[in-house]
Structure formats: C-alpha cells, structure tokens
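Common to both upcoming complexes is chain A, partnered first by chain B, then by chain C.
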Partner chain A sequence: MLLLTGALLALSISSASVSASSAGQEAFTAKDAIPILKAPEAFHEELVLKPLNDGSVYSHFQFTTHIGTVMDEEHFEGAASNLFTHYNLFPRSIGQILHSFDVEELHLTFTQGRWHYGDWGYPIAPSVGTGVELWAWLNDENKQTDTNWKGLTNTLSGLFCASLNFIDDTITIEPKLSFRNEGLYNVHTRSPAAKNNTESRTNPRKLRYGSLPHENVCTENLTPWIKLLPCKNKSGIASLLKSHKLFDTRFYSMAIHVRPVCEDELCSVKSLELVQSVTTVFDVARHDGSYDWTMTGLFEREITQACPLATTSKVVLHLPQTTEYRNQYQLVPFPPQGAYSIGSTQDNIQEIAVYDLKTDLETHPASTPFQISLRWENSRPKSVLPISPGIVAHRYFTGYGQEHGGLAIEIHNNNEQDVEAIYLDTLPWYLKLYLHTFSIQLNGKTIDNQRDLVQKMYYQPAVDRSRPAVLELALRLPAKSMVKFSVSFDKVFLKYTEHPPDANRGFDVGCAVITVQLPRERGQIGYGGLDHLRIYQEREASLVQSRLTMDEDDGDEAQVIKRQESEMDRIRVYTETLLVSLPTPDFSMPYNVITLTCTVIALFFGSIFNLMTRNFEVVEPKGAKDAKGKGKSD
Partner chain B sequence: MRPGTILKYLVASVCIASTLAISVSTNTDDVEGFFAKSKSGHTNNWAVLVCTSRFWFNYRHIANALSMYRTVKRLGIPDSNIIMMLADDVACNPRNIFPATVYNNKGRHLDLYGENVEVDYRGYEVTVENFIRLLTGRVAKDTPRSKRLLTDDQSNILVYMTGHGGEEFLKFQDAEEISAYDLGDAFQQMYEKKRYNEILFMIDTCQANTMYTKIHSPNVLATGSSKLAESSYSHHGDPDIGVAVIDRFTYYVLELLEKVDQNSKATIKDLFDTYDYNLMHSTPGVRDDLFKRPLDQVLLTDFFGNVQNVELTEPKDQSSVQTEDEPTTQEETEPTFVEPSGKENHSATLDTQQDDASTQDHTFEIGDPTQSQTYRFAAFAALSIAMAGALAAGSSFV
Partner chain C sequence: MAQRTAETRNEGPLKNTPAMNRSSNTTAVFSTALALRLALFQFPTLVSILGGQVEIATPITSFKRLSEGVFLYRNGVPPYDGGVFHQAPLLLGLFYPVISSPILVKLLYILSDLAIGFMLLRITQIKDRDAAKDERIRHDLTPNLGLFWYFFIEMFDQFRPFFIIVFQIHVFIFAAPISIKLRNHPLFVAFLLSTVMGTFKGYPSVGDASLYLGLLPLCSEIFKYMRYSFLIANLFMYSSLLAPIFWYLWVYVGSGNANFFYAIGLVYGIGEIILMIDTTYALMRRDFEAQSPPQPSDEASSHGWDREVVQK
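On to the complex of A and B.
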C-alpha cells in the first residue's frame, strides 16, 4: 500500500517536472514552477558540460538524492535522527555513518590536479583543493564530538579505500569563521515562540575540518563512490563514468556532500540531501590541437537510457562564449527546446542547451544512444571571451635552506568594489610560525595600519605532535587590488621515526581556503544551470528574506546588508598545495655508527686489551720445548 | 487472530515438522555428502596480498600483488575477504601513460586495475606494524571492517607478499623491514588465537625462502621464489610503460593459476611441480613439514578460491530448543554452551572481539553428526514447530 502511494507520488512529480521543463524558458525562469518535492525519496542526475577557453572541456556530474521527512518546529531533532528506518534510493552505508556518528553535515572531496582559476573560472563544485578534504558538522549534544570524528574518519577511510584515518588530532582543526554550515537549520526559529527558545532548542554543533594534500585519488576511490548511486553505473548519466578516461584528465575531483534542506518555502518538510559529484577537465586539444569534441570521444561510453529511478535526468551544455563571430561552431544535436540564457547581467549572460534525457530518449528512440558533438570551423574558435575571476589567490614559500622559511600569500581582487573575504590557513606543527613577522603589503607597498584590511584575526598556535597552527583572517580587500601577506617560520627537526618512507620528497602542506561573497554576475560557472542547485539557492535566499521581514527590530541598515548578502554567492577559492623540505637525517647513519664503532672496538680496543692483559715473559730456550708441548695438548 | 486459526496452523506445522524430521533422520548422510565437507575442514577463505614496495620503478611488485588479487577474485573470494596492501599508487601515477591501469604483460591484454578494485591499505599505511596488527587482529577500536582480517579457526588464508628483501627480512617501503622471526611469531599468535585453519604463505622476493624458516606454527604451507643468496628476477619489461611489469616467480605461478577455475581439481603439488629453475632463474622453495595433509590432496582452490563448505553442527540450536520445551533446564545448560573455555582467552587478547564472533563465519549450523538420531529428531521437530508457528503468526498479521 505504502509502495503504491510512493510510486504514484513519484509519477506525479516526474510528470510535473517534465511539463515544467518542456514549457521551456518561461517555466525555467518563473519561480512558481519550482517543483515542490514531497516524495519520501527522490533522485536527480545531471551533467554539465562546458568548453573552456583553452580548449579543455569541463564536465560536472551531479547526482542528488533526497530522503525526506516531515518535521515541524516542535520536533526538529537534527538531520540525522529518525530518518534512517528505510532505504530506497539513499545509500544505506552513508545513512548509517551519519546516524552512528551524529553527523549533521558531511563534505568529503577527493581531488587530483590543480584547478586553474585564471583559465577556467570558478567550478560548480564547491571544493577543489588538491588531495582529500573532509569537513563535517557534528552534533555535540553528548559531548562525543572527538570520538565521533575519529570514528567518522576511520569509517570513511574504510568505505572509500582512502587513508582518511590519517586525519587525526595533529591535522584536525575547528575553523571559527570559514566552513559555516550549508544546510537550512535556522528556519525553525521563524515563529516568535520558537525564537525565544532558540538557545535550548538548537542542537550544539561542532565543526571539524581536515585535509590530506598528498592523498592519491584513483579507481579504488571511485568504485565505492559509484556503488552509492541508485543505478550504479549501469544506466543513466553515471554510465559515462569510466575510470580510464576520468583519470586521464587535467583535473579530477569527486565529492559527496550531505546536508539538511527544506523542501518547501515554509520549511515544513525537511529532507536530507546527498549530492555526489564528479568534476573533470578533459584535455581535448592534447593530441591534435583540435578543439572539436564528441561525448563518446570524451568518455568512451554512451548513455542509452536515463536512470529509471531518477526523477530528472538532464544534460546541460554551456555554449561557448565567443565575441564577434557568431555561429563559429556546430552543435549536434541542437536541443529541441532551443538554447536559452541564464544570468542576469550583460557580464555573465550564458547560453545553455538543456537536453532532458527522460523525454528525449524515451520519446525519440532514434536519438539513442545519446550523443553530443561540438565542432568548430577550422577546429578552433577565432576568439573567446576572456575569463576574469573576481578573486584569485596564490600561496608560495619564500626563503632558502632547511632551517628557516617564509610563507607568502597573494590575493588579487579583480572586482570593482571592496570584497569581504575570510582566509583560512592550516600549517602543520613542524612549521613554527612567528606571528610577529606577519606583514601586509597592499599593491606592493607595506602598510602599517593593518586594521583597515584585517578586520578579525584568529590564530591558534601549534602544539608539537598534537595540533596544527591555524591562521584565520577576516579581510576587507580593496577594489582592484593585490594584497600580500607574509610570515616567517622555523623548520623543526623531526625525530628519526617521524619521517615518512619517502622523506626526501618533502612534506605536503594543504591548501589555504578563501571564503568570499561575490556578486552573482562575475565570470563564474556558478550553479551552471543545475536546476536543483538553483532551486535550493533561491529557496535559501527567500528564507533569509522572510526572516528579514520578521526581524524588524534589526534596523534598516542591517536589513540592507543582509539583503545584499542574499544576492551574493558564497564561494571558496583554494590556493595551491605546497611542498616543504625539512632537514632529513641520514637514515643509514645508525648503521654507519654501529659498523664504525664495531671496527674501532675490534681493531684498537681488542689489540690494546690483548696487549695489556698479556703477560710477556722471556722464555728460556730450555723450557721452550716444554711450552710447545703444553700448547699442543691444550 | 482467532484461536481456531492458531490451532489450524499448529496442526499443520506439526505435520510439516514431523515429515521434515523423518526425512532428515533418514538422509543425514546424503545431506553431508551433498555439502561435500572439504578435506581441509575450512569453511571460508581469506587472502592477504601485500606489496611492500613504493616508487614507480617497483611497478612490477604492484603488478604481482594485483595479479594475485585478480586471480583470487576470479576464483570467488569477495573483496570483503581480500585485504590488499599496496605501498604506492602506480595506476594513477603521473608517470603512467595508461592512467588508471596496471598491466602485468607487455601485450597489455588485461588491465589488472579494472573498474572494480578495492585497496584496503595504501601508501603510508603499509607498515610492518599495520601488517602484524592485521594478521594478529590487534587493531585499533575504530578500524573499519575492510581493514580487519576477520578470520576464525575455519579460515584458509592465502598470505602473498612481494617486495625487496634479503636474508630473513623483507623491506617495507625502503624504510623498515619485517624479519622472518616477526612473521613466525605473528603466525604463532594467529594459531594460538585460533585465527586460521590453514595458511598458504607465498613470497616473491630475493632470498625469499629464508623468510619462512622461522615459522613454527602448524598447518602452514610456505613457498618462496628463491633460496638463500639468490636473487629473484623480473620477467620482462614494457617499453611503453618503461619498467619491468612482473616478476618471474609470480609470472609462472600465474601461468598455472590462469588455467584453474572454481571447479578445478588441480592441487598444490601440481603448482609446485611446475617450478623450474630454467624459467624462474632462481630456486623456488617449498616448506611442508608443518602442513599435515599430503600436497597432492590439497586443491589450489582451497587457498586461491572461495569454496563455501557447510559444516553441520548444532550446539546453539540445542540450547534454544531446550528453552522452549523445558524452560527450567535452561539455567543448567546455558553455561556449557555459551562460552567454550578457550573463548575467554580469545576475547581478552582481542579488543575487537564483538565484530569477529558473530558476523564472519559461513558455518551453517543444522546438525551435529556426533549427536544421536533421536535427539536430533526432537530438536528438529521443535525447531520446525517454532518456525512454522512464526510463519503462521506472520501470515495472519498480513
């Protein structure tokens, strides 16, 4: 009986979404067309493709699974409670992890390669730091956060075949300003009655963040990731996921993000959202210099049907942004609904082509397998629009030798206005930071009054072998500026056994993260036409809005600021990881010492001991025979 | 539920139970014959495959371990029963011109990495400490299942190691080494903790045969690639990959294993008979003095495959039956069934006991051949009644 209603619900939703999408542009932009999800579980699969300026092709797979629950304000007990009694689409292994470690929000990203902001703009994926990044908001009601975090890292390490268990106390930090929770928690404080009890009602949550910059990412990590999908890689968009092609790219990143979200404007229906994403940058032009590509060429696989369990199944193609020469390229097939634009201002108008696999593949069997090809006149675009990301940052080491060093961070603000940013840097304990050497340069000139730039500073000094150093700054970056920080450090002598097997390679230092609020229209990929990202972003904005109307006592000024914030996109910019070489001992030294000592003992001590303990006597020639005889008998 | 229906179901279940019991009492030998209890007495198979070498030029060692992985997986051991330790990631190494692949032949017909591979310990996690902890089960509390060797006294374990070694040692990542004594002690501890039924220890490294000289635990069969003062050599290189892709010993072992399938009757002796100095350029060794069975009766699939044997015992059913029939006797019988005497010792040394005990064994306990026929009849009848009753109750609710 339950199953039947579930199926009916799913059916009605899919038909609703189909009608919404077939209505084309009007439906896409109209706010009231947003489907309100009330199904117990739902699954969406989406793929965004974007040809980049340097001839690479950016692909972003996004699989969103919702597990829903109706929760009113009185019974809000956090995301992970009471949800996991039955599983259809939501992966059980993730559900159990969330449940047993009291996790409210979980973000895990595996990345290989470096994201080139200058060439590629901003990615859709929120995290692109090289290596593995794990952060989670844990329920701290039982004061078990540290135990739970340890359990969580170990369990995820087992699940994803990665060395996540290396994220221990010496790496874990608790950022104070960055990595705020992304779920919609605050909505249950809407009614005045609930608002008064906020303190008692809100679960105490704690943030834990850790990253492993040197972690490899390969097939063994992708295998368990694919197993979390309802259709695995048997059908739907996920059937394109072939490890041999995905790892033969300039950039590869895969992630899972779990957060609670609201399913309707009033947030009476809450659900837990699991977003799985794979982001790659294919180097199309590597072999013959041609910018032409086909989907089969990129993935060596085909989509024959949409995942039958998916509510929506879409491929979104960002059409290339060219300047004067229109129609330099040929796109086959062109979507039946035609292309339309997203973005509000002239700066960031982006034409996209949306292919709905549910309708396309089912109504036109001739179009199977699904195929896209994009060909340029003369294999290359004549000119492209340059990308200018609003904020770009670089971090590097200064100094030389194995004793001291320095760290320099350059942040470029290309915006026309001042930008608020939060800088987070974690340095391992074996780099001893000297905060008094911290200095700031603005456009190449040292400034004395740091207050203008650094509005808040949070610094946690490292403790040897137990915690890293954390530097977190709230910055106000002037318009069109380059701000440079530098700080000096000492390198610590590690113990003989603390070095990794490949000690001479050096030690990796993870990315610094800049969290920044950028106006939505700045040369970024942004939500990239992903319906679900957009829906939740707008819903979030409207929730903030509705909260603002209630907070009348806040005053006009605060309202204006908050209103502005709601029109901004919060993104994170990652710097490069760094490699630092510490003084490495001569690992064969103990062996040398032993052999040398033994030689000395054997040669000198032995002979001298011999000399000193022997009794030398002059033997009479007569008695010599007797002595000889005795010696033989001994 | 009306009393009438209950009565009806009860009568039906008694009838079913009695017919079943009669058939069981007459056909026990057939049942046991059907399940074909293995000669080794094992009911589950595990594999621990270790590559201890880091760095790209040791590609062949990772290929060795992955070749074994592929073989045991092909012969039926699931990923959950395979513990893979790879000290480096050559598949996604930037030097690998065929990303996400590992080949063990320059023909490159078969990608060992494939689309479905699980590596349990990798990179810096491959240490002597972790290896010995894995074998002896003394792992940290939070260790996930995939990183534990959840074996019992009916597990046959294949332990395959490859890397660079010397006389009575094997290097781990050029940073530390495991000695033959460490290995011998680890196996002895496993024996004392009843963590295995039989072990096949196979090692491909220089002077490999010296590594098994210090093992002194029963039921361990060992083989190595080369004797004291002899090196083990690589088989051939791939000019495109740029390094040697497999070692000789493993290459020729695989040559035979490739012909083996799950139903194969090939024995360990057949494998050892293929050892040839002219092919391997080293003298492979075999140590069978600790092993009780004759080698020509030990199937290769006893170690490389996963043959699910079913053992018929009934200690736990017995106690549950008695609780139903005569609740008063439960107190008397319980202590004798709950804890075998060796068990306390076991749990004291193992801090992860709770996982090990219940979940891992594939033993399907139906009946014990040592029990008398009449007793078994009673037990089975009662069990069937209980089951039928549950079925009836369940169906009536629906």
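On to the complex of A and C.
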C-alpha cells in the first residue's frame, strides 16, 4: 500500500513541479513590471526543556522556516505564485504541496501516547490528540476544495509514509467554530483597521479537518520529517533526534504547521512560516527513581555545533518551580548571562535559562559538545509547585452490551471565572447518535435550561458510509464547576467486509477538542502555542509590542480587550480517544448464510409456484380410466 | 407502534364471536383492551424494554428514531439529512405536535390499537377488503426476525446489489399470480400477501406478524384442511421464545454469536413459509371439495374430504 502511494506521490510531485514552474513563468511574464524582491529566508531552531513534577522531562524541538516576500498588499497574491519557484531553506516538497493544492494553512500532527494534563499542564505544541490530526484551510476560489483536500491527504500520505489517505469523506469534517485561522497575519487582517483596506482581497477559503486515532507513529514517519530540515539531523539541535530514544518515551508528538505570518507591524511584509516540532516526555525516573538527568542521557546524542543555516539556535530550559527553598537543584552549566523571567504578573512568571548555541559553541570551543545536566539534592525535589490546568476534560463510554451505548463528556473548569469554550466532537457514522437524549449536568445536577451553558449548538447528523456526526457547542463554563454532557447512541451492524482484520479489538473514536482562551499561569510548560518563540525572541517580542501599541488607536474598549488577550492563550484541550466494540458477524459464514437463506426462499418460491400452477385431481382407483375431479378455479 | 399492534393478535379470534351477543361482547373486549394498555403503560421500564427489542422495533418502526427525527426537525436540522431517521413524513407530521407529551403519545397508541381492532371487527362483518403495500430499499443492517440482515452482512460486495434487487422483487412478485389464482377469495389474498410481505420485507417485526395473524382467523373455515398446524404453532412458539434469549447471548453476554440469532430468524421464516403454503393448500383443497364433492356412491366418500387427491 505504502509503496503504491509512494509511486503515486512521485508522479504527482513531478506533475506538480511541472505545473508549478509553468505557472510561475506565466506569473513572471504577466507581472514582470512588479518589483518582486525575495526577502531572505530565515531558519530558527530551538529546543525547550522542562523537568516535570512527576520526574519526567519534557522536550520540545521547534524548527521555524520563513519564506517571505517584500510586497505591498495587492501584490501579495501574485508573489505567492512566485514564492514557490525558488527554494533555499524552505523544503521544496512542502512548497509544491501548498502550491498545487491551494493550501493557505496546513497543520499535521502525529501523536503517540496520551498527554496527561493533570500532571504536565499544557504543552507548547498546539495539538496533542492521539493518532494523526490533519487540518487545513484551502483556497476555495476555484471551488476545488474537495478535490484539493483529497489530493492533499494522498500526497501527505506518501510524503510521511502514513495512512493519511484514509482521511476520506467518511471522517472529514468542516468545523464551524473550532480550528480558526492561526498566525499573526490572520490576526492582523481580523483587526478592524486592516479589514477596511483589505476587504476586497480576502479569498473564500474552506476548512477541512480529519483525524486517524488508530494511526501509529514511528521511525518511518520521522525520517521524511527530518528530511524537510535545512540541516537534516547532521548538525544543530536536530542532531539530537535519535528515533531509538524518541519513541521510547511516555509521549511523542511530531508536527508540521504552515501558516502565513506578518513580518512587521503594518503587515506590509508577509511571509510563509513553516514550523516543525517534535514533542516528547521522557520518563527519566523509570529505571532508578532518580529525577536527575543529562542531555546526553536523554537523547544519547550530542550537539557539536549549531546548524550553520540557522539565524538563531537556542536551547531554553524552564527552571523547575520549587517551593520552600530555591536551591534544591544544580544546573550545569548555568547560562553565562544568567537566568531571566518571562511573564508579567505574579501568576504567570517563569524563570528560564537560555543557551545561545551560535555564540556558546562558536565562540567558546571549550564548551563543545553542548551539554546540560540537572541534579537534585538526594535525586528528588522536596517540594514542587503543583499544577492545576484551567480546563481539563474527559470523555468516556457508558452502558454495556453491543447494541446501545452512551457517551459522557466531563469538563472541569478550575478557573475562578466563567470561561467561554468551544467543544468539537466527531463521531463516526457507525455510532448512531440520538440528540434528543442529550442532557447536561452541572456539578452533578441535571439542568433543564440548557441555554445558560450551551450558547450555540451546531449538529451535523451522520450519513451511513459517507459522513460522520459532528457536534459543536459554544459553551459558557461557570467558574469552579464540572459540566457533564451525555448522549446515547446505537451501534450499527456492519457488513463483514467493513470490519478490520482484528474485528474484536474494536474501532477507535478520535479525540474531542475543546478550544478555550485561558489566562497564562505559572507552572505550566508553555503557552502561546506556536507563538511561544516570540516570547523568547526580542525580534518577535518587539513585533507583538508594536502591534499592541498600534491597536491602541482602536479606542479604549478594544485596547482593554487587546491587553487582556495578550495575557490569554488560545489552547486546545484534547480528550482521550475511545475504543468501541461493535457486534461482529461470524466471518467464516458467508457461504453457509447465502446457501441457507436462499434455500428457505427457494422453498417458498417453489411451493407457491407449485400451488399456483397446478390443480387438484382425485387419484383414480386402480384400473379406472375416466377422471373424477377436474380443475377447480381455472 | 409495533408492540402495540402486536397485542391486537389476541383480539382477532374474539372478533369472530357470534352475531347475537356481539355488541355486548365487543364493548367488553374493547374496554378490557383499553384497561390492559393503560395498565401496561404504568410500567415505563416495560415500555422501554419492549421498544428496544429487535424483534419489535426495526429501523423503520423504532419509536426512538422517530423521537430523534422529530427532535431534529424541531431544531431546524433536516431529519432525513442523516442516517438515523427513515420513517414516513406523515408519521413525522403526526407525532410532531404530540411527542413532547407522553400522555398524548400513549393515547395515540391506544386509540390506534382500538381503531385497528374496530376495523378488524368491521372486516369480519363485511368480509370484503383488500390491502396492498410497497417497500423501499435501505441499507441498515440492524438485525431483526427477517432473512435479509445477516444475508447482506455476509454477502460478497460485488453481489450485493444483485441480491438486493432479487430479494426486493421477491416481495411483490407474488402479488399478481396470487391475485389471479385466488381472485374469488380477496380476504385470503389480503392475508397471504401481508404474510408474504411480513416474511420477505427488509425490516419485518412482530408487528407484521400481528397483522397477518390478525387476518388469519377471518378465514377460519380453512383450518380443518391444514396439514401442519401443529408444526407451525411449534415453530412460532420456539422462535418467539428463543429469539430474545439468543439475542441476549450474542449481544450482551457474548457467549453466543450472530449465527444463533440468525438461526432463530431462519426457523421463524420457515414457520411463516409453511404457514403460507399450508393455508394456501388448505384453501385450494377446500375449494376443490366444494366444487367436486365426493359422490355418495363413490368409494372415496367413506373418507369424507380425506380422499386421495393429487395436484396436476
């Protein structure tokens, strides 16, 4: 299967490159009067490490590639077609995919394991749903979205050696409230001032979302992912990526995100940003119970130099947040410029140690290879700051037997204030949802007036073998509360060919996703999703700051909102994936069933045919010649 | 609807009571039926258990699915734009105003039951009615007492459309020959065709059985010509007893598999088929006896209707 997809991919890539270059030439001849200046491409690499409260070590690799143009707004579209004719740092395979399928934004995440919100807080990576998650905003100018989506899934399937081609119509959805556009560019165009100028320029675009909860992630997916990096894993932070160690972890997630962003506050310089990330949670204490770790111990590899192509190359360590007294641990080496704090208020302050590999490794050859170790007094922390994530959600099945079932979702709001949240649930068509059984409990008590909690509800009923059921709710979660939804469903009886080879294992049901704006809090790993780098980087920090000051012109109210939003982070909380077992037929029975059923039907047909076509006659006594009884009705 | 109509089975024979004390008897029977239903509705668990039984509720008769359809319609979601609701738009219209009030729904069921009983009564009086129905092809493979669900679960993909066509044709192909051959017995034709449909339709339930078993006593004169009534009665009892048990073993306990329930469906189907064949045979035999009664001088007369007869 994969070989075949690979061959198809090769074909589609070659044809795509032909069409891309011809389109590029056309664009060039048509627009050669326009000054198209290539902005330098830029590549940033970064590794964020954080010791977690349960002794695990969180690591987040993030590689950011920008490909940009210096363009004013009306020429941006023309430049976009020119964008994909030259490749230096930006991976050509991704560029061609974006170009040939009219993709504006692309998010693909492979995840193995389950993220434990209660122990670990929120991750930097925005998607942590088990399995594969793919969502994209596609340009719908030519009304080709469905074709493009199909092409996109199949091509990515070949590129990453994954079963992404199974994201077909039966699992693809179009969320109405969740998975909005990301990136500063889109934030910018959403602000009222920018909207007036660019209203004519906004393209019709469509969202597509699909997930494969049962997809396993392994080395064959990581290898093509590494190939997209400018330095591969030959140098720089990526040289730590050893699949042997990465997949021997409690949690592993790998993603690519492509989105348009602004390079300056007026958004006159736009660029396309490709973020590649790998997130793992190492179980350090597994062997001997010791919470001590070294970078070599975690990755079994070393960084000898920064990637020469990288503009910035940093390792960021979130220092453990201990209570009682500070010096419970020893960090070697401590950064020469010292640790500093991010966050503005008492609630979200976080001490970080930043190591700049460019300067450290290139100017101090003695520090090669780069090494960090963290040791605790007595190998364990005495006391750490507990983590309580603002929103935690769980989803589970209720009921028994293989005929009916129920779905229950619990959302805990630990915040001191009400929180607006959007809940998205996709259920495969073989669970027949009965929305009239939908009920809500608030802190254990069933409430009748659902309007207080559910402000909007969007429901798409499933159609057998063609589309899933989608339930999307805009919620207002009361402060310090537990809201529980429940709904019942019937399990569908599938044809024997629709069951997987391991039919009695059951079917996986993907995560539900809760999108929520939360205030940044202390002790959490990293907020800001993909934008977290901007918190560390002066360049980005100033950009965010200037954007904020510009928005102050919008008026006091908008200013207040903006200021609040700057302290808020949009987070997606993923629930567990579920396993549902459906009633199975006897797979060895097709011939028996066909023959037995047909026999019974033939029995009836034959007998009725007999009765309908023949008449009664009296049997003649022996030797008698003339008939006694003749036909009765005809 | 299904479980309610199922109970009308009991009323069928009672409708054939002699004409002289009919009116007083009728009132008694109808009030007993009303009281029985009111009493049964006092056990909500019984109603929900029966409503969930696969022998009773099929995808096109399930009250749960009807509730969902009405709920979707009420909330502005097109009810047919999904895989749950397959029922007739008229049912949607009928239940739309009443479904929020359980009392009205119960009342509707009771009234329709009584109406069915009354109509059977009228038919007995007139003995001159006909019926016809048609079916739509669906792909819901929820098990029932019919012969199709397991057949199409197990069928090879490439043959599925062919067999769906063949089986659906099979349901109504008998209408023409039966109507022609038995044109002098419209009531029996109604019984036979409703049995054919109740047996070979895609989603039969005991509600369908209640229809033809309700019509059967209207032709009680043929009973004495039937050869396999004991076997038929046994097959019906056997399957109605074992069907819920085998379903439970398969779906809930897991100690049985789909073949158990399928086998019971097959037995039930054979019972229905033998019932049809035997009653048709009995009717034709009775006709034959009426048209050519045994001669008093005949040798066979000593055997009454039991003389040697063959079909040719």
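Note that in this section the second predicted complex is superposed on the first by the 487 of 634 C-alpha atoms of A that agree within 3 Å, B and C clash if a C-alpha of one lies under 4 Å from a C-alpha of the other, contacts with A are read in each partner's own complex, and residues count from 1 in each chain.
Everything that follows uses one rule, which is that a residue touches a chain if its C-beta (ideal position, glycine included) is under 8 Å from a C-beta of that chain, and two chains touch if they have at least 3 such contacts.
In this text the structure is predicted, and so the values were computed from the model without any measurement.
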Figure out whether A:429 sits in contact with chain B (first) or chain C (second), or with both, or with neither. second
Mind working out whether A:404 is in touch with chain B, chain C, both or neither, as first, second, both or neither? second
Regarding the shared-chain residue A:597, is it in contact with chain B (first), chain C (second), both, or neither? second
Quick one: name whichever of chain B and chain C touches more residues of chain A. C
After the superposition on A, what does A:605 contact: first (chain B), second (chain C), both or neither? second
Which of chain B and chain C A:247 touches, first, second, both or neither: first
Partner chain in contact with A:589 - chain B first, chain C second, else both or neither: second
Of all residues in chain A, which touch chain B in the complex? 112, 150-151, 154-155, 157-159, 161-163, 165-166, 215-220, 223-224, 242-244, 246-248, 499-502, 587
Within the complex, chain A is touched by chain B residues 54-55, 87, 89, 91-92, 98-101, 111, 113-120, 122-125, 140, 142-147, 172-175
Chain C partner, complex, touching residues on chain A are 400-404, 429, 432-436, 459-465, 469, 490, 492-497, 583-586, 589-590, 593-594, 596-597, 600-601, 603-605, 607-608, 610-612, 614-619, 621, 628-630, 632-634
In the complex of these two chains, what residues of chain C are touching chain A? 52, 54, 64-65, 67-68, 70-72, 75, 77, 81-84, 139-143, 147, 149-157, 167, 170, 174, 177-178, 181-182, 184, 199-200, 250-252, 254, 257-259, 262, 266, 269-270, 273, 276-277, 280-281, 284-285, 287-288, 291-292, 298-300, 307-312
